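Same chain, two partners: chain A is paired with chain B first, then with chain C.
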Partner chain A sequence: MTLTELMHAQDRRGCVGDGLFYRSGPFIIALRTRLADTLDLLEQFYGPCWASRDPAVAHFQVEVNSASGLRRWWRTQAVFALDGLHPFEPFPREHAFPLLEWGLNWSIATRAHLYLMLHAGALERNGQALLLPAMPGAGKSTLSAALAYRGWRLLADEFGLIRPADGAIVPLPRAIPLKNRSIPVIREFLPDAFLGPVFPKTRKGDVAHLRPPLPSLERQTEPAQPRWITFPRFVPGLRRPQLKRLEKSLGFTRLAQNAFNYRLLGEDGFTTLVRLVRECACFSLEYGDLDAAIALIAEITADAPG
Partner chain B sequence: MKGTTPGGDRYLSPADTRVVATWGAESSVYCRRTGDTHLLSILPAELLAMLPPEPTDLETITTRMARSCAQPVTPEWTARIRSMLDELVRLELVDRLPE
Partner chain C sequence: MHPAKLHPLLRGAREPSAVVHFSADDWNRCLRAARTERVLARLGYRIADAGALGRCPAAARDQLIAARAYPGFLQCRIAHEVSQVRRALPAADGDLILLKGAAYHCAGLPLTRGRQLRDLDILVPRTRIDAFERDLLAAGWESQPLDEYDQRYYRDWMHEIPPLRHPQRGVEVDLHHRLLPLTSRLRPDPDLLWESALPVAGMPGVRVLSPVDMLLHTATHLFHDGAIRGGLNDLWDIDELLRHFAAQPAFWETLPERAARLDLGRPLYYGLLFSRALLGTPIPAAVLTDVGRRFAPARPVNALMHTLVTRALPPQEGRSALTGLANWLLYVRSHWLRMPPHLLLPHLIRKSLRRLEHAGDHSRGGF
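And then the complex of A and B:
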C-alpha cells in the first residue's frame, strides 16, 4: 500500500495515534505525529512510497510533535525525537515539516554506517549513475533537481549511499530542500514541478521542498552503478560552465573529505572509495546557468549505453 | 651523531600495516595502525613499497633507491631518503629501530 492509499483508506487520525511506517530508499521510518499539516506534506511529497500501519522493523523511530511544557503557551514549538531522545532544540511550530526532514537526515548521517555516505547528489540514466559531491551551498541540490526533471532519475540530493559489497549507489530520493536564491531559480526553471510552501527564516534561511519526480520514488529500491563523479560549484553570473577532468588521486582525496563517515568505516571506507574512484571518471564543474550545465553533463555522459 | 650516518638506525615496514591504491604518479595509503589515509607522491610511495619487512639499514635502503631511480648515491640523496623515512616514521607507516 502506498502512503497516499494508506492515508485515504482509513481515518487519518489512525495514523496519528499509533504512528505509521513508510519507506524512504533502503530505510523504513516509523513516524509518530499529531500534526495534521505535517502529515499532509508527507503525503504530498512521499505519497507513492510504500507505507503501512502494521508494525514493521523500522530503521528509525522518529516523532515530530508540538512541544509540551510552559513554552507552548506563549510560543508554540515543534520538537523532533529519535528513539525518544531530542537531539535538537525546538523549532517554531510552523517549521515542523522541515524539522522532520532535517531530523531524518541527521538520523541517517549519524547511524546508517552500513553505507559509505557521501555528501552528494546522485542521478541515474540507463543504469549508470552520476555523483555530484559538494558541501552545502555549492549548488548540488539545485543541479540535482534540474537534472531530475531533465531525463535523469533522482537517486538522492543529499546522501550518496555507497554499498561496500558491490559499490552500487543505493537510492534515497527525498524531498529536495531548496534554499534562498534556489527557490525562485527552480520555480522558473521547473514551472510544472510541485514545490511546497516556503518556510521563511529557518536556521538555513528560506526553505521550500521540491517533490522528486514520480519514477524516482517508484524505483527507490533500484540501485545503480556509479560511472561519473562531478564536483559542482555554483558561480553566480558564469554563463559558460567550466568543466575540468580531475586526477583520480585528487578525486579520491576530495571524496574522503566529503564523506560523512569515511574515517569511521576504517579500511572498508578506504576500499569502497578506491573502488568508486577507479570505476568513475572525475570532473569539477563550475556553473552559473542550469541549461548550460545540463548540456555539458550530457556531453560527458554521452557514452552511456541506452 | 645518532641516526645521521648510513649504517645507524634500521627501518622496516611490515606490509600488513597498510593498504595502497596507486593513481598514476601518486598513491593513497591507508594506515591500519592509525586509521589515517595519506596521499604520497611517487618517491615516498616507491620507498614505502621497496622497504623490506625485516630491519634494513639506511645505507642499504639508500643504495637500493638510487639504483631504482637511476641516481648516484650522494650525501644529498642520502639526506633526502633519510628525510622521507623520517616522515614515513612520523606517519607510522614505517618503524625505526634505533642503532
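And then the complex of A and C:
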C-alpha cells in the first residue's frame, strides 16, 4: 500500500497509537505523531512510498509532537524524539515538518553505517549515476533539483549512500529543502514542480521543500552504479560555467573529507572510496546559471550508452 | 523469572537463534533497547555466531551489522592510546595493568567484539602512581583543573586520580591504584592482583588481570561501584567472560576461593546470580550452591536485592513507580558502599549544594 492510499483508507487518528510505518529509500521509518498538518505534508511529499499501519521492523523509531507542559498553551513547540530520546531543542510548533525531516536526516547520518555516506546529491540516467558532493551552501540541492526535472532520476539530494559490497549508490529520495535565495530560483526554473509551504526563519533561514519527481519515489529501491563525480560550487553572476577535470587522488581526498562516516568505517571506508574513485571520472564545476550547468553536465555524461 | 515474560532483548541474548521468531513489535522493542543499553552490535555478533543473522528481517540485519562500525572505531582509538601511553612512560615506571574494555580488547578476548569502549582504565602500583602521572603530564596529557575539595576527594578517598586527557586525541585515561575507593566497604588487596597478572602478547610492559580476577573485577564494578541501573552492558561482560573462561581448566574451582581471598565474595555471588537469571549464563550447579552458601547476604537482603536488580537491570520502558523506587534504592546503596556515613553525609550535602550553584553545568562529570 502507498502512503496516499493508506491516508485515504484509514482513520488518521490511528497513527497516534502504534504509529505509521513508511519507506524512505532503504529505510523503514516508524513515525508517531498527532500533528495533522505534518501527516498532510508527509503524504504530499512521500505519497507514492510504501506505507503500513501494521507493525514493520523499523530502522528508525521517531516521534514528532507538540511539547507537553505549559508550552502546550503558550508559544507551542514541536519536539522530535528518536528511540524516545530528544536529541535537539524544540522548534516552534509550525516548523514540525522541517523538524521531522531534519531529525530524520540527523538520525540517518549518525547511524546508517551500513553505507559510506557522502554529503552529496546523486542522479541517475540509463543506469549510470552522477554524484554531486559538496558542503552545505554550495548549491548541491538546487542543482540536484534542477537536474531531477531535466531527464535525470533523483537518487538523493543530501545523502550519497554507497554500498560497500558492490559500490552501488542506494537511492534516498527525500523532500528537497531549498533555502533562502534558492526558493525563488527554483520557483522560476521549475514552475510546475510541487513546492511546499515556506517555513520562515528556521535555523537555516527560510526553507521550502521541493517534492522529488514521482518516478524517483516510485523507483526508490533501485540502485545505480556511479560513473561521474562532480564537485559543484555556485558562484553568483558567473555566466559561463567552469568545468575542470580532477586528478583521482584529489577526488579521493576531497571525498574522504566530505563523507559523514569515512573515519568511522575504517578499512571498509577506504576500500569503498578507492573503488568509487577508480570507477568514476572526477570534475569540479563552478556555475552561476542552472541551464548552462545542466548543458555542460549533459556534455560530459554524453558517452553513456543508450 | 519466566523466559516468556522477559524483554525481547534479554530473550535474544539468551537464545539468539530464537530471534527468527520475533514479531515486528518484538524486534522494534529489542533494537531500541539494545541501542539504549549499548549492546546492539554485541547482540548482532551473538545472533551471527548462532547462524541466525541471515534469517533475520532485512531491517533488523541492517542495523545489527551497521552497529559494528562505531565500536570498531572506538577500539582502534583505545588501542592507539594504549600504545601512546606505553611509549610515554619510561621502563623505570614499571608495568601497567589494563582494566575492563581495554584489557578485553588487547588480550584478544572474544567479548571485545561490538563492545563500546570510551575510557582507558589502567591499574598501577600506588607507590608509582605519582611518577606515572608526572610522566604522562610531561608527555602532553592534561588534567582538568580541580578545586581543593575535588583534589582531596580523588587523592584521599578514591581509587583513581583525576582523569587525564591528551588534547589532540581526547581519550579519557584513568589511572587507578586499586579496584575500589579507599573508603569502600570491600577492600581487595591490589598486591594479590599484581602477583597473578598476565603479560599481553606483543605489548611489553603491559599486563591484564588473570581470568578469575578479571571476572571478579567486572562483577565488582557492576555491583559494588555504581548504581547498577543501565549496567546491562556490564552484565553482558560477566556473561561472556563466564562463557569464555568456563572452558579453562580449574576456572570454576579457583573462582570462589579467589573471591574469598580478595574480599570480593559478595560481588561474585551477585554476578553469577543475575547473569544467570537475566542472560541465562550456564554455571555449574555446584559452583552456584557453594558461592551462595559462602557469600549470599542474609535472606531478607537477598530477596530485596533480587527484586531491585531484576527491575533495574533489564531495559526500562516507560515509567513505573516501582522501577523508579528500585533505581533510587540502588543509587542510595551505591553510595552506602562507597563511603562510611561520617564521610558520605558531608560529601552528599556538598554535592547537592554545588549542583544548585552550577545548575546546568555538566563539566564535573567526575562526580
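Following the convention adopted for this analysis, the second predicted complex is superposed on the first by the 306 of 306 C-alpha atoms of A that agree within 3 Å, B and C clash if a C-alpha of one lies under 4 Å from a C-alpha of the other, contacts with A are read in each partner's own complex, and residues count from 1 in each chain.
Methods note: a residue touches a chain if its C-beta (ideal position, glycine included) is under 8 Å from a C-beta of that chain, and two chains touch if they have at least 3 such contacts.
None of the values given here were measured: they were computed from a predicted structure.
**Student:** After the superposition on A, what does A:75 contact: first (chain B), second (chain C), both or neither?
**Tutor:** Neither partner.
**Student:** Just to be sure I read the superposition right, which of the two partners does A:249 touch: chain B = first, chain C = second, or both, or neither?
**Tutor:** After superposing on A, A:249 lies in contact with chain B but is clear of chain C.
**Student:** Have a look at where A:8 lands relative to chain B and chain C in the superposition and call it first, second, both or neither.
**Tutor:** neither
**Student:** Touch test for A:114: chain B only (first), chain C only (second), both, or neither?
**Tutor:** After superposing on A, A:114 lies in contact with chain C but is clear of chain B.
**Student:** Figure out whether A:201 sits in contact with chain B (first) or chain C (second), or with both, or with neither.
**Tutor:** neither
**Student:** Between chain B (first) and chain C (second), which does A:263 come into contact with in this model arrangement: first, second, both, or neither?
**Tutor:** both
**Student:** Output check: A:28 vs chain B and chain C. Expected answer is one of first, second, both, neither. What do you get?
**Tutor:** A:28 contacts chain C only, not chain B.
**Student:** For A:86, using the defined touch cut-off, is the partner it touches chain B, chain C, both, or neither? Pick first, second, both or neither.
**Tutor:** Once the two structures are laid over each other on A, A:86 reaches no partner at all.
**Student:** State whether A:57 touches chain B only (first), chain C only (second), both chains, or neither.
**Tutor:** Only chain C; A:57 stays clear of chain B.
**Student:** Chain A residues in contact: does chain B have more, or chain C?
**Tutor:** Tallying touched residues of chain A, the top partner is C.
**Student:** From the superposed pair, tell me which chain A residues show up as contacts to chain B and also as contacts to chain C.
**Tutor:** In chain A, positions 263, 266 sit in both the chain B and chain C interfaces.
**Student:** Looking at the complex, which residues from chain A come into contact with chain C?
**Tutor:** On the chain A side, the touching residues are 26-28, 30, 54-59, 61, 83-85, 111-114, 261, 263-266, 268.
**Student:** Which of the residues in chain B end up touching chain A in this complex?
**Tutor:** 19, 21, 23-24, 26-28, 30, 32, 35, 37, 39
**Student:** Touching residues of chain A toward chain B in the complex: what are they?
**Tutor:** 247-249, 252-253, 256, 262-263, 266-267, 270-271, 274, 277-278
**Student:** Can you check the complex and tell me which residues of chain C touch chain A?
**Tutor:** 23-25, 27-28, 31-32, 35-36, 57-60, 62-63, 65-70, 72-73, 76
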